[in-house]
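Per-chain numbering from 1; labels A, B and C assigned in written order.
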Amino acid sequence: MILSTSSSITHSIEVVELLGVLAFAFTGIIEARKKGMDLFGVYTVSMIAAFGGGTIRDLLIGNYPLYWITHSSFALMLLGFALASSFLGTAFYENKQVNNAFEVLDTLGLGLFSTAGASIAQQAGCDFYISLLLGVATAVFGGVLRDIVCNEIPKVFRRNELYATCAFVGSLVFLVSLQFGLNTLAAMLIGALATVLLRLFSVKYNIKLPF
Amino acid sequence: MILSTSSSITHSIEVVELLGVLAFAFTGIIEARKKGMDLFGVYTVSMIAAFGGGTIRDLLIGNYPLYWITHSSFALMLLGFALASSFLGTAFYENKQVNNAFEVLDTLGLGLFSTAGASIAQQAGCDFYISLLLGVATAVFGGVLRDIVCNEIPKVFRRNELYATCAFVGSLVFLVSLQFGLNTLAAMLIGALATVLLRLFSVKYNIKLPF
Amino acid sequence: MILSTSSSITHSIEVVELLGVLAFAFTGIIEARKKGMDLFGVYTVSMIAAFGGGTIRDLLIGNYPLYWITHSSFALMLLGFALASSFLGTAFYENKQVNNAFEVLDTLGLGLFSTAGASIAQQAGCDFYISLLLGVATAVFGGVLRDIVCNEIPKVFRRNELYATCAFVGSLVFLVSLQFGLNTLAAMLIGALATVLLRLFSVKYNIKLPF
(Lines give C-alpha, C1' and ligand atoms only; values in the text may rest on other atoms or scores of the structure.)
Protein backbone atom coordinates (compact mmCIF):
# COMPACT_ATOMS: atom_id res chain seq x y z
CA MET A 1 0.00 0.00 0.00
CA ILE A 2 2.72 2.43 1.05
CA LEU A 3 4.80 1.21 -1.82
CA SER A 4 2.03 1.75 -4.31
CA THR A 5 1.31 5.22 -2.92
CA SER A 6 4.99 6.04 -2.96
CA SER A 7 5.42 4.78 -6.49
CA SER A 8 2.38 6.73 -7.66
CA ILE A 9 3.96 9.81 -6.04
CA THR A 10 7.24 9.00 -7.81
CA HIS A 11 5.30 8.65 -11.01
CA SER A 12 3.64 12.03 -10.42
CA ILE A 13 7.02 13.64 -9.81
CA GLU A 14 8.37 12.14 -13.02
CA VAL A 15 5.43 13.54 -14.94
CA VAL A 16 5.85 17.01 -13.45
CA GLU A 17 9.64 16.84 -13.93
CA LEU A 18 9.03 16.01 -17.59
CA LEU A 19 6.73 19.02 -17.76
CA GLY A 20 9.52 21.06 -16.16
CA VAL A 21 12.01 19.92 -18.83
CA LEU A 22 9.46 20.85 -21.49
CA ALA A 23 8.79 24.23 -19.91
CA PHE A 24 12.49 25.05 -19.71
CA ALA A 25 12.94 23.83 -23.29
CA PHE A 26 10.04 26.01 -24.36
CA THR A 27 11.63 29.13 -22.82
CA GLY A 28 14.63 28.33 -25.01
CA ILE A 29 12.43 27.96 -28.09
CA ILE A 30 10.70 31.30 -27.41
CA GLU A 31 13.99 33.12 -26.82
CA ALA A 32 15.62 31.63 -29.92
CA ARG A 33 12.59 32.34 -32.15
CA LYS A 34 12.59 35.97 -30.92
CA LYS A 35 16.24 36.24 -32.01
CA GLY A 36 15.35 34.93 -35.49
CA MET A 37 17.38 31.74 -35.13
CA ASP A 38 16.88 28.85 -37.51
CA LEU A 39 15.78 25.32 -36.55
CA PHE A 40 19.27 24.28 -35.47
CA GLY A 41 19.60 27.36 -33.24
CA VAL A 42 16.15 26.81 -31.76
CA TYR A 43 16.90 23.17 -31.00
CA THR A 44 20.30 23.90 -29.46
CA VAL A 45 19.01 26.71 -27.28
CA SER A 46 16.10 24.55 -26.10
CA MET A 47 18.50 21.70 -25.23
CA ILE A 48 20.74 24.14 -23.34
CA ALA A 49 17.79 25.64 -21.44
CA ALA A 50 16.43 22.20 -20.50
CA PHE A 51 19.65 20.32 -19.68
CA GLY A 52 22.23 23.07 -19.08
CA GLY A 53 21.66 23.39 -15.34
CA GLY A 54 21.89 19.68 -14.61
CA THR A 55 24.89 19.34 -16.92
CA ILE A 56 26.82 22.10 -15.14
CA ARG A 57 26.03 20.46 -11.77
CA ASP A 58 27.19 17.07 -13.02
CA LEU A 59 30.40 18.43 -14.57
CA LEU A 60 31.23 20.27 -11.32
CA ILE A 61 30.86 17.12 -9.22
CA GLY A 62 32.07 14.66 -11.89
CA ASN A 63 28.73 12.84 -11.93
CA TYR A 64 29.08 10.69 -15.08
CA PRO A 65 27.36 9.61 -17.28
CA LEU A 66 25.09 12.63 -17.82
CA TYR A 67 21.38 11.87 -17.63
CA TRP A 68 20.38 13.22 -21.05
CA ILE A 69 23.26 11.36 -22.71
CA THR A 70 22.05 7.98 -21.44
CA HIS A 71 18.37 8.85 -21.98
CA SER A 72 18.35 10.02 -25.58
CA SER A 73 14.54 9.99 -25.80
CA PHE A 74 14.51 13.40 -24.11
CA ALA A 75 16.79 14.90 -26.75
CA LEU A 76 14.70 13.30 -29.51
CA MET A 77 11.50 14.65 -27.95
CA LEU A 78 12.94 18.17 -27.85
CA LEU A 79 13.82 17.81 -31.54
CA GLY A 80 10.15 17.10 -32.16
CA PHE A 81 9.17 20.23 -30.22
CA ALA A 82 11.72 22.41 -32.03
CA LEU A 83 10.35 21.13 -35.35
CA ALA A 84 6.76 21.69 -34.23
CA SER A 85 7.63 25.22 -33.11
CA SER A 86 8.35 26.05 -36.76
CA PHE A 87 4.71 25.58 -37.63
CA LEU A 88 3.37 27.79 -34.85
CA GLY A 89 3.00 31.45 -35.75
CA THR A 90 4.27 34.30 -33.59
CA ALA A 91 0.68 34.73 -32.39
CA PHE A 92 1.09 31.49 -30.40
CA TYR A 93 4.24 32.68 -28.64
CA GLU A 94 2.59 35.99 -27.75
CA ASN A 95 -0.70 34.47 -26.57
CA LYS A 96 -1.19 35.40 -22.92
CA GLN A 97 -2.80 32.14 -21.85
CA VAL A 98 -0.02 30.11 -23.47
CA ASN A 99 2.58 32.19 -21.64
CA ASN A 100 0.71 31.80 -18.36
CA ALA A 101 0.53 28.04 -18.79
CA PHE A 102 4.26 27.83 -19.40
CA GLU A 103 4.96 30.19 -16.52
CA VAL A 104 3.24 27.65 -14.25
CA LEU A 105 5.23 24.76 -15.71
CA ASP A 106 8.45 26.76 -15.42
CA THR A 107 7.70 27.37 -11.73
CA LEU A 108 7.02 23.67 -11.17
CA GLY A 109 10.27 22.87 -12.97
CA LEU A 110 12.13 25.39 -10.81
CA GLY A 111 10.90 23.67 -7.67
CA LEU A 112 11.62 20.13 -8.80
CA PHE A 113 14.97 20.88 -10.43
CA SER A 114 16.28 22.71 -7.37
CA THR A 115 15.36 19.97 -4.89
CA ALA A 116 16.40 17.17 -7.25
CA GLY A 117 19.71 19.00 -7.88
CA ALA A 118 20.36 19.45 -4.17
CA SER A 119 19.55 15.77 -3.59
CA ILE A 120 21.95 14.58 -6.30
CA ALA A 121 24.73 16.85 -5.00
CA GLN A 122 24.23 15.55 -1.47
CA GLN A 123 24.31 11.92 -2.61
CA ALA A 124 27.59 12.72 -4.40
CA GLY A 125 29.06 13.70 -1.03
CA CYS A 126 28.71 17.50 -1.12
CA ASP A 127 28.13 19.22 2.21
CA PHE A 128 25.00 21.16 3.15
CA TYR A 129 25.92 24.54 1.69
CA ILE A 130 27.41 23.26 -1.57
CA SER A 131 24.36 21.00 -2.07
CA LEU A 132 22.22 24.08 -1.58
CA LEU A 133 24.21 26.04 -4.17
CA LEU A 134 24.16 23.16 -6.67
CA GLY A 135 20.40 22.84 -6.21
CA VAL A 136 20.02 26.48 -7.21
CA ALA A 137 22.52 26.03 -10.06
CA THR A 138 20.57 23.04 -11.41
CA ALA A 139 17.39 25.10 -11.46
CA VAL A 140 18.70 28.35 -12.92
CA PHE A 141 21.84 27.72 -14.99
CA GLY A 142 19.94 26.35 -17.96
CA GLY A 143 18.36 29.79 -18.23
CA VAL A 144 21.71 31.51 -17.65
CA LEU A 145 23.36 29.58 -20.50
CA ARG A 146 20.29 30.16 -22.70
CA ASP A 147 20.62 33.92 -22.22
CA ILE A 148 24.41 33.91 -22.76
CA VAL A 149 24.01 32.05 -26.06
CA CYS A 150 21.31 34.56 -27.04
CA ASN A 151 23.74 37.39 -26.17
CA GLU A 152 21.76 38.80 -23.24
CA ILE A 153 22.67 39.48 -19.65
CA PRO A 154 21.06 36.52 -17.86
CA LYS A 155 17.53 37.50 -16.81
CA VAL A 156 17.89 35.74 -13.47
CA PHE A 157 20.65 38.18 -12.45
CA ARG A 158 18.45 41.24 -12.99
CA ARG A 159 16.18 42.88 -10.47
CA ASN A 160 12.92 41.16 -11.29
CA GLU A 161 10.58 39.23 -9.05
CA LEU A 162 12.21 36.50 -6.97
CA TYR A 163 13.37 33.53 -9.05
CA ALA A 164 16.75 32.16 -8.02
CA THR A 165 15.82 33.06 -4.45
CA CYS A 166 12.83 30.70 -4.70
CA ALA A 167 15.13 27.88 -5.80
CA PHE A 168 17.45 28.79 -2.91
CA VAL A 169 14.63 28.66 -0.35
CA GLY A 170 13.27 25.43 -1.86
CA SER A 171 16.67 23.73 -1.72
CA LEU A 172 17.10 24.98 1.85
CA VAL A 173 13.72 23.63 2.94
CA PHE A 174 14.56 20.31 1.27
CA LEU A 175 17.94 19.96 2.99
CA VAL A 176 16.63 21.05 6.40
CA SER A 177 13.71 18.62 6.06
CA LEU A 178 16.20 15.81 5.42
CA GLN A 179 18.07 16.77 8.59
CA PHE A 180 14.79 16.56 10.50
CA GLY A 181 14.53 12.94 9.39
CA LEU A 182 12.06 13.19 6.52
CA ASN A 183 12.60 10.78 3.65
CA THR A 184 13.98 12.15 0.38
CA LEU A 185 10.68 12.04 -1.47
CA ALA A 186 8.71 13.90 1.20
CA ALA A 187 11.51 16.45 1.60
CA MET A 188 11.60 17.02 -2.16
CA LEU A 189 7.87 17.62 -2.30
CA ILE A 190 7.99 20.09 0.62
CA GLY A 191 11.01 21.87 -0.87
CA ALA A 192 9.40 22.07 -4.30
CA LEU A 193 6.18 23.33 -2.74
CA ALA A 194 8.10 26.07 -0.90
CA THR A 195 9.74 27.12 -4.17
CA VAL A 196 6.44 27.26 -6.02
CA LEU A 197 4.56 29.15 -3.28
CA LEU A 198 7.31 31.74 -2.82
CA ARG A 199 7.49 32.24 -6.58
CA LEU A 200 3.73 32.69 -6.95
CA PHE A 201 3.70 35.04 -3.95
CA SER A 202 6.57 37.07 -5.41
CA VAL A 203 4.95 37.39 -8.83
CA LYS A 204 1.55 38.28 -7.37
CA TYR A 205 2.86 41.01 -5.05
CA ASN A 206 5.80 42.02 -7.25
CA ILE A 207 8.38 41.32 -4.54
CA LYS A 208 12.07 41.79 -5.41
CA LEU A 209 15.29 41.32 -3.52
CA PRO A 210 15.80 44.56 -1.58
CA PHE A 211 19.47 44.72 -2.64
CA MET B 1 48.65 -3.96 -49.55
CA ILE B 2 45.29 -3.23 -47.95
CA LEU B 3 47.09 -2.19 -44.83
CA SER B 4 49.35 0.20 -46.70
CA THR B 5 46.40 1.68 -48.61
CA SER B 6 44.49 1.99 -45.40
CA SER B 7 47.39 3.64 -43.61
CA SER B 8 47.92 6.07 -46.46
CA ILE B 9 44.20 6.91 -46.22
CA THR B 10 44.63 7.37 -42.47
CA HIS B 11 47.58 9.60 -43.18
CA SER B 12 45.51 11.62 -45.65
CA ILE B 13 42.76 12.04 -43.06
CA GLU B 14 45.27 13.21 -40.49
CA VAL B 15 46.60 15.78 -42.92
CA VAL B 16 43.12 17.06 -43.76
CA GLU B 17 42.12 17.01 -40.08
CA LEU B 18 45.18 19.13 -39.33
CA LEU B 19 44.06 21.50 -42.07
CA GLY B 20 40.61 21.52 -40.43
CA VAL B 21 42.13 22.48 -37.06
CA LEU B 22 44.08 25.23 -38.79
CA ALA B 23 41.02 26.47 -40.66
CA PHE B 24 38.93 26.58 -37.47
CA ALA B 25 41.82 28.30 -35.66
CA PHE B 26 42.04 30.80 -38.51
CA THR B 27 38.35 31.70 -38.20
CA GLY B 28 39.12 32.50 -34.58
CA ILE B 29 42.11 34.65 -35.54
CA ILE B 30 40.04 36.58 -38.10
CA GLU B 31 37.17 37.14 -35.65
CA ALA B 32 39.51 38.23 -32.85
CA ARG B 33 41.51 40.58 -35.10
CA LYS B 34 38.25 42.17 -36.29
CA LYS B 35 37.36 42.85 -32.63
CA GLY B 36 40.72 44.54 -32.08
CA MET B 37 41.97 41.94 -29.61
CA ASP B 38 45.64 41.72 -28.70
CA LEU B 39 47.91 38.69 -29.23
CA PHE B 40 46.63 36.92 -26.12
CA GLY B 41 43.02 37.39 -27.19
CA VAL B 42 43.78 36.22 -30.71
CA TYR B 43 45.56 33.12 -29.45
CA THR B 44 42.83 32.23 -26.95
CA VAL B 45 40.02 32.69 -29.45
CA SER B 46 41.87 30.58 -32.04
CA MET B 47 42.42 27.80 -29.46
CA ILE B 48 38.72 27.94 -28.52
CA ALA B 49 37.62 27.84 -32.16
CA ALA B 50 39.93 24.91 -32.96
CA PHE B 51 39.52 22.75 -29.83
CA GLY B 52 36.27 24.02 -28.23
CA GLY B 53 33.96 21.57 -30.01
CA GLY B 54 36.00 18.48 -29.20
CA THR B 55 36.54 19.68 -25.64
CA ILE B 56 32.80 20.11 -25.02
CA ARG B 57 32.15 16.63 -26.44
CA ASP B 58 34.85 15.10 -24.23
CA LEU B 59 33.66 16.90 -21.09
CA LEU B 60 30.07 15.75 -21.74
CA ILE B 61 31.09 12.10 -22.04
CA GLY B 62 33.99 12.26 -19.54
CA ASN B 63 36.52 11.29 -22.21
CA TYR B 64 39.82 12.05 -20.44
CA PRO B 65 42.55 13.03 -21.10
CA LEU B 66 41.66 15.69 -23.68
CA TYR B 67 43.45 15.32 -27.00
CA TRP B 68 45.01 18.80 -27.16
CA ILE B 69 46.23 18.50 -23.56
CA THR B 70 48.24 15.37 -24.32
CA HIS B 71 49.36 16.64 -27.75
CA SER B 72 50.77 20.05 -26.90
CA SER B 73 52.35 20.50 -30.31
CA PHE B 74 48.94 21.61 -31.64
CA ALA B 75 48.70 24.37 -29.05
CA LEU B 76 52.28 25.44 -29.78
CA MET B 77 51.60 25.48 -33.51
CA LEU B 78 48.57 27.72 -32.99
CA LEU B 79 50.74 30.08 -30.94
CA GLY B 80 52.99 30.34 -33.98
CA PHE B 81 50.00 31.14 -36.18
CA ALA B 82 48.66 33.75 -33.75
CA LEU B 83 52.09 35.38 -33.70
CA ALA B 84 52.36 35.24 -37.47
CA SER B 85 48.90 36.79 -37.81
CA SER B 86 50.29 39.92 -36.18
CA PHE B 87 52.52 40.51 -39.16
CA LEU B 88 49.79 40.14 -41.77
CA GLY B 89 47.95 43.33 -42.62
CA THR B 90 44.18 43.64 -42.73
CA ALA B 91 44.47 43.35 -46.52
CA PHE B 92 45.33 39.67 -46.07
CA TYR B 93 42.23 38.96 -43.98
CA GLU B 94 40.01 40.74 -46.49
CA ASN B 95 41.57 39.10 -49.56
CA LYS B 96 38.85 37.17 -51.37
CA GLN B 97 41.05 34.27 -52.47
CA VAL B 98 42.42 33.80 -48.95
CA ASN B 99 38.90 33.72 -47.59
CA ASN B 100 37.83 31.25 -50.24
CA ALA B 101 40.76 28.96 -49.46
CA PHE B 102 39.89 28.95 -45.78
CA GLU B 103 36.21 28.44 -46.55
CA VAL B 104 37.20 25.21 -48.31
CA LEU B 105 39.37 24.10 -45.37
CA ASP B 106 36.60 25.01 -42.94
CA THR B 107 34.18 22.83 -44.91
CA LEU B 108 36.64 19.93 -44.89
CA GLY B 109 37.10 20.43 -41.16
CA LEU B 110 33.34 20.45 -40.67
CA GLY B 111 33.05 17.09 -42.42
CA LEU B 112 35.93 15.43 -40.62
CA PHE B 113 35.17 16.86 -37.17
CA SER B 114 31.52 15.79 -37.32
CA THR B 115 32.23 12.19 -38.35
CA ALA B 116 35.24 11.88 -36.03
CA GLY B 117 33.13 13.32 -33.19
CA ALA B 118 30.29 10.89 -33.84
CA SER B 119 32.79 8.03 -33.97
CA ILE B 120 34.39 8.97 -30.64
CA ALA B 121 30.98 9.36 -28.97
CA GLN B 122 29.90 5.97 -30.25
CA GLN B 123 33.08 4.29 -29.04
CA ALA B 124 32.40 5.86 -25.62
CA GLY B 125 29.09 3.98 -25.53
CA CYS B 126 26.65 6.68 -26.65
CA ASP B 127 23.63 5.49 -28.62
CA PHE B 128 22.85 6.40 -32.23
CA TYR B 129 21.06 9.70 -31.66
CA ILE B 130 23.41 11.06 -28.97
CA SER B 131 26.43 10.11 -31.14
CA LEU B 132 24.79 12.05 -33.96
CA LEU B 133 24.29 15.10 -31.73
CA LEU B 134 27.84 14.94 -30.36
CA GLY B 135 29.18 14.69 -33.91
CA VAL B 136 27.42 17.94 -34.74
CA ALA B 137 28.55 19.50 -31.45
CA THR B 138 32.19 18.58 -32.16
CA ALA B 139 31.98 20.28 -35.54
CA VAL B 140 30.15 23.46 -34.60
CA PHE B 141 30.67 24.26 -30.90
CA GLY B 142 34.17 25.64 -31.42
CA GLY B 143 32.54 28.32 -33.55
CA VAL B 144 29.73 28.80 -31.03
CA LEU B 145 32.21 29.41 -28.18
CA ARG B 146 34.32 31.66 -30.45
CA ASP B 147 31.28 33.85 -31.13
CA ILE B 148 30.21 33.94 -27.47
CA VAL B 149 33.69 35.07 -26.38
CA CYS B 150 33.56 37.71 -29.13
CA ASN B 151 30.15 38.84 -27.78
CA GLU B 152 28.11 37.85 -30.85
CA ILE B 153 25.06 35.65 -31.28
CA PRO B 154 26.62 32.45 -32.67
CA LYS B 155 26.61 32.65 -36.47
CA VAL B 156 25.64 29.00 -36.79
CA PHE B 157 22.28 29.71 -35.10
CA ARG B 158 21.30 32.38 -37.63
CA ARG B 159 19.45 31.86 -40.88
CA ASN B 160 22.37 31.53 -43.26
CA GLU B 161 23.22 28.79 -45.69
CA LEU B 162 23.22 25.29 -44.24
CA TYR B 163 26.13 24.66 -41.87
CA ALA B 164 25.18 22.70 -38.76
CA THR B 165 22.73 20.81 -40.94
CA CYS B 166 25.63 19.62 -43.11
CA ALA B 167 27.39 18.29 -40.01
CA PHE B 168 24.12 16.64 -38.98
CA VAL B 169 23.69 14.94 -42.36
CA GLY B 170 27.37 13.91 -42.44
CA SER B 171 27.19 12.36 -38.97
CA LEU B 172 23.95 10.62 -39.95
CA VAL B 173 25.48 9.18 -43.13
CA PHE B 174 28.50 8.02 -41.10
CA LEU B 175 26.41 6.27 -38.44
CA VAL B 176 24.05 4.67 -40.94
CA SER B 177 27.02 3.47 -43.02
CA LEU B 178 28.43 1.80 -39.91
CA GLN B 179 25.11 0.03 -39.39
CA PHE B 180 25.29 -1.23 -42.97
CA GLY B 181 28.58 -2.88 -42.07
CA LEU B 182 31.12 -0.45 -43.52
CA ASN B 183 34.35 -0.08 -41.58
CA THR B 184 34.91 3.10 -39.59
CA LEU B 185 37.35 4.65 -42.04
CA ALA B 186 35.13 4.16 -45.09
CA ALA B 187 32.08 5.39 -43.17
CA MET B 188 33.99 8.49 -42.05
CA LEU B 189 35.03 9.29 -45.59
CA ILE B 190 31.49 8.89 -46.91
CA GLY B 191 30.05 10.95 -44.06
CA ALA B 192 32.63 13.70 -44.51
CA LEU B 193 31.99 13.70 -48.25
CA ALA B 194 28.24 14.09 -47.65
CA THR B 195 28.92 17.04 -45.34
CA VAL B 196 31.19 18.75 -47.84
CA LEU B 197 28.90 18.20 -50.84
CA LEU B 198 25.80 19.44 -49.00
CA ARG B 199 27.70 22.48 -47.77
CA LEU B 200 29.02 23.36 -51.25
CA PHE B 201 25.55 22.80 -52.73
CA SER B 202 23.96 25.02 -50.06
CA VAL B 203 26.47 27.85 -50.55
CA LYS B 204 26.20 27.68 -54.35
CA TYR B 205 22.40 27.75 -54.44
CA ASN B 206 21.96 29.82 -51.25
CA ILE B 207 19.82 27.15 -49.58
CA LYS B 208 18.65 27.79 -46.00
CA LEU B 209 16.58 25.85 -43.51
CA PRO B 210 12.94 26.63 -44.36
CA PHE B 211 12.12 27.18 -40.67
CA MET C 1 63.87 25.78 11.85
CA ILE C 2 63.70 25.30 8.10
CA LEU C 3 60.40 23.55 8.56
CA SER C 4 58.99 26.38 10.63
CA THR C 5 60.22 28.99 8.13
CA SER C 6 58.80 26.94 5.30
CA SER C 7 55.45 26.54 7.03
CA SER C 8 55.30 30.24 7.83
CA ILE C 9 55.98 30.89 4.11
CA THR C 10 53.20 28.44 3.26
CA HIS C 11 50.98 30.27 5.69
CA SER C 12 51.88 33.60 4.08
CA ILE C 13 51.04 32.20 0.65
CA GLU C 14 47.69 30.96 1.91
CA VAL C 15 46.90 34.38 3.30
CA VAL C 16 47.82 36.14 0.05
CA GLU C 17 45.97 33.50 -1.99
CA LEU C 18 42.89 34.15 0.12
CA LEU C 19 43.35 37.85 -0.58
CA GLY C 20 43.61 36.95 -4.28
CA VAL C 21 40.32 35.04 -4.14
CA LEU C 22 38.73 38.02 -2.41
CA ALA C 23 40.16 40.46 -4.93
CA PHE C 24 38.90 38.40 -7.87
CA ALA C 25 35.52 38.04 -6.15
CA PHE C 26 35.44 41.78 -5.61
CA THR C 27 36.02 42.48 -9.32
CA GLY C 28 32.94 40.32 -9.90
CA ILE C 29 30.94 42.28 -7.32
CA ILE C 30 31.94 45.61 -8.89
CA GLU C 31 31.10 44.45 -12.41
CA ALA C 32 27.75 42.97 -11.36
CA ARG C 33 26.77 46.05 -9.34
CA LYS C 34 27.61 48.24 -12.34
CA LYS C 35 25.21 46.13 -14.44
CA GLY C 36 22.44 46.63 -11.88
CA MET C 37 22.26 42.96 -10.90
CA ASP C 38 20.50 41.86 -7.74
CA LEU C 39 22.08 40.00 -4.82
CA PHE C 40 21.87 36.63 -6.57
CA GLY C 41 23.55 38.01 -9.69
CA VAL C 42 26.25 39.71 -7.64
CA TYR C 43 26.96 36.52 -5.69
CA THR C 44 27.06 34.33 -8.79
CA VAL C 45 29.34 36.67 -10.71
CA SER C 46 31.69 36.96 -7.72
CA MET C 47 31.83 33.15 -7.41
CA ILE C 48 32.55 32.85 -11.14
CA ALA C 49 35.26 35.51 -11.00
CA ALA C 50 36.93 33.90 -7.97
CA PHE C 51 36.65 30.19 -8.85
CA GLY C 52 36.01 30.15 -12.61
CA GLY C 53 39.65 29.95 -13.66
CA GLY C 54 40.55 27.08 -11.35
CA THR C 55 37.31 25.28 -12.22
CA ILE C 56 38.03 25.42 -15.96
CA ARG C 57 41.56 24.11 -15.35
CA ASP C 58 40.25 21.25 -13.21
CA LEU C 59 37.51 20.31 -15.69
CA LEU C 60 40.05 20.27 -18.54
CA ILE C 61 42.39 17.90 -16.70
CA GLY C 62 39.66 15.96 -14.83
CA ASN C 63 41.03 17.04 -11.44
CA TYR C 64 38.18 16.02 -9.12
CA PRO C 65 36.87 16.96 -6.61
CA LEU C 66 36.96 20.72 -7.21
CA TYR C 67 38.59 22.74 -4.44
CA TRP C 68 35.69 25.11 -3.73
CA ILE C 69 33.25 22.19 -3.64
CA THR C 70 35.14 20.43 -0.87
CA HIS C 71 35.95 23.70 0.95
CA SER C 72 32.54 25.31 1.24
CA SER C 73 33.74 27.98 3.68
CA PHE C 74 35.04 29.98 0.67
CA ALA C 75 31.62 30.00 -0.97
CA LEU C 76 29.98 30.97 2.33
CA MET C 77 32.50 33.77 2.86
CA LEU C 78 31.76 35.16 -0.62
CA LEU C 79 28.06 35.12 0.25
CA GLY C 80 28.90 37.32 3.22
CA PHE C 81 30.82 39.69 0.95
CA ALA C 82 28.01 39.83 -1.63
CA LEU C 83 25.55 40.63 1.17
CA ALA C 84 27.88 43.26 2.61
CA SER C 85 28.30 44.84 -0.83
CA SER C 86 24.59 45.70 -0.72
CA PHE C 87 25.19 48.10 2.13
CA LEU C 88 28.06 49.94 0.47
CA GLY C 89 27.05 52.89 -1.67
CA THR C 90 28.32 53.48 -5.18
CA ALA C 91 30.74 56.00 -3.68
CA PHE C 92 32.71 53.10 -2.20
CA TYR C 93 33.06 51.32 -5.55
CA GLU C 94 34.21 54.53 -7.23
CA ASN C 95 36.66 55.54 -4.48
CA LYS C 96 40.12 55.73 -6.00
CA GLN C 97 42.00 54.38 -2.99
CA VAL C 98 39.66 51.41 -2.70
CA ASN C 99 40.20 50.63 -6.35
CA ASN C 100 43.95 50.95 -5.98
CA ALA C 101 43.95 48.59 -3.00
CA PHE C 102 42.02 45.98 -4.93
CA GLU C 103 44.21 46.48 -7.98
CA VAL C 104 47.17 45.46 -5.81
CA LEU C 105 45.34 42.41 -4.46
CA ASP C 106 44.24 41.47 -7.97
CA THR C 107 47.86 41.59 -9.11
CA LEU C 108 48.95 39.42 -6.18
CA GLY C 109 46.14 37.00 -7.03
CA LEU C 110 47.24 36.96 -10.66
CA GLY C 111 50.75 35.94 -9.64
CA LEU C 112 49.72 33.27 -7.17
CA PHE C 113 46.90 31.82 -9.26
CA SER C 114 49.09 31.47 -12.35
CA THR C 115 51.95 29.69 -10.57
CA ALA C 116 49.60 27.57 -8.45
CA GLY C 117 47.64 26.66 -11.60
CA ALA C 118 50.79 25.68 -13.49
CA SER C 119 51.93 23.61 -10.50
CA ILE C 120 48.62 21.73 -10.27
CA ALA C 121 48.60 21.06 -14.02
CA GLN C 122 52.16 19.74 -13.88
CA GLN C 123 51.37 17.46 -10.94
CA ALA C 124 48.43 16.11 -12.97
CA GLY C 125 50.92 15.04 -15.65
CA CYS C 126 50.65 17.89 -18.16
CA ASP C 127 53.81 18.73 -20.07
CA PHE C 128 55.70 22.03 -19.86
CA TYR C 129 53.73 24.01 -22.42
CA ILE C 130 50.25 22.82 -21.39
CA SER C 131 51.11 23.51 -17.72
CA LEU C 132 52.13 27.00 -18.79
CA LEU C 133 48.82 27.52 -20.61
CA LEU C 134 46.76 26.14 -17.73
CA GLY C 135 48.62 28.43 -15.32
CA VAL C 136 47.54 31.40 -17.42
CA ALA C 137 44.01 29.98 -17.74
CA THR C 138 43.73 29.60 -13.96
CA ALA C 139 44.70 33.22 -13.47
CA VAL C 140 42.60 34.86 -16.17
CA PHE C 141 39.56 32.70 -17.02
CA GLY C 142 37.63 33.74 -13.93
CA GLY C 143 37.69 37.25 -15.36
CA VAL C 144 36.85 35.98 -18.85
CA LEU C 145 33.74 34.14 -17.59
CA ARG C 146 32.80 37.15 -15.43
CA ASP C 147 32.83 39.38 -18.51
CA ILE C 148 30.91 36.89 -20.66
CA VAL C 149 28.17 36.60 -18.03
CA CYS C 150 28.07 40.41 -17.89
CA ASN C 151 27.72 40.47 -21.69
CA GLU C 152 31.05 42.16 -22.41
CA ILE C 153 33.98 41.21 -24.61
CA PRO C 154 36.48 39.91 -22.02
CA LYS C 155 38.69 42.80 -20.90
CA VAL C 156 41.79 40.62 -20.90
CA PHE C 157 41.50 40.13 -24.68
CA ARG C 158 41.59 43.87 -25.38
CA ARG C 159 44.64 46.00 -25.97
CA ASN C 160 45.24 47.27 -22.46
CA GLU C 161 48.33 47.10 -20.31
CA LEU C 162 49.86 43.64 -19.98
CA TYR C 163 47.75 41.27 -17.88
CA ALA C 164 47.54 37.74 -19.28
CA THR C 165 51.12 38.22 -20.47
CA CYS C 166 52.20 38.74 -16.84
CA ALA C 167 50.55 35.46 -15.87
CA PHE C 168 52.29 33.83 -18.85
CA VAL C 169 55.71 35.14 -17.82
CA GLY C 170 55.09 34.21 -14.19
CA SER C 171 54.09 30.65 -15.08
CA LEU C 172 57.12 30.42 -17.37
CA VAL C 173 59.50 31.61 -14.66
CA PHE C 174 57.92 29.12 -12.23
CA LEU C 175 58.27 26.16 -14.59
CA VAL C 176 61.82 27.05 -15.66
CA SER C 177 62.81 27.50 -11.99
CA LEU C 178 61.52 24.00 -11.28
CA GLN C 179 63.66 22.66 -14.10
CA PHE C 180 66.68 24.36 -12.56
CA GLY C 181 66.04 22.33 -9.42
CA LEU C 182 64.30 24.84 -7.18
CA ASN C 183 61.65 23.44 -4.87
CA THR C 184 58.00 24.14 -5.68
CA LEU C 185 57.52 26.78 -3.02
CA ALA C 186 60.55 28.84 -4.01
CA ALA C 187 59.68 28.54 -7.68
CA MET C 188 56.12 29.70 -6.98
CA LEU C 189 57.35 32.73 -5.09
CA ILE C 190 59.79 33.68 -7.86
CA GLY C 191 57.12 33.14 -10.52
CA ALA C 192 54.53 35.15 -8.62
CA LEU C 193 57.09 37.90 -8.05
CA ALA C 194 57.84 38.04 -11.78
CA THR C 195 54.12 38.33 -12.53
CA VAL C 196 53.63 41.14 -10.04
CA LEU C 197 56.71 43.12 -11.10
CA LEU C 198 55.89 42.88 -14.81
CA ARG C 199 52.30 43.92 -14.11
CA LEU C 200 53.33 46.94 -12.02
CA PHE C 201 55.93 47.89 -14.64
CA SER C 202 53.35 47.59 -17.42
CA VAL C 203 50.76 49.70 -15.58
CA LYS C 204 53.31 52.36 -14.60
CA TYR C 205 54.75 52.79 -18.10
CA ASN C 206 51.52 51.91 -19.96
CA ILE C 207 53.13 49.05 -21.88
CA LYS C 208 50.93 47.01 -24.21
CA LEU C 209 51.52 44.02 -26.45
CA PRO C 210 52.87 45.46 -29.71
CA PHE C 211 50.54 43.24 -31.76
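Note that contacts are C-beta pairs under 8 Å (C-beta built on N, C-alpha and C of every residue); 3 or more make two chains touch, one makes a residue touch a chain.
Because the structure is a prediction, the values reported are computed rather than measured.
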| item | value |
| --- | --- |
| Superposing rotation of chain A relative to chain C, computed on C-alpha atoms, to nearest 5° | 120 |
| Equivalent interface positions on chain B and chain C, same or different at half | different |
| Mean-CA-position distance for chain C and chain B (Å) | 32 |
| Chain A, residues touching no fewer than two other chains | 59, 62, 148, 151 |
| Chain B residues touching chain C - in the complex, by the definition given at the top | 32, 35-41, 44-45, 55, 59, 62, 64-66, 69, 72, 75-76, 83, 86-87, 148-151 |
| Residue ranges of chain C in contact with chain B within the complex | 59-62, 125-130, 133, 144, 148, 151-154, 156-160, 164-165, 168, 208-211 |
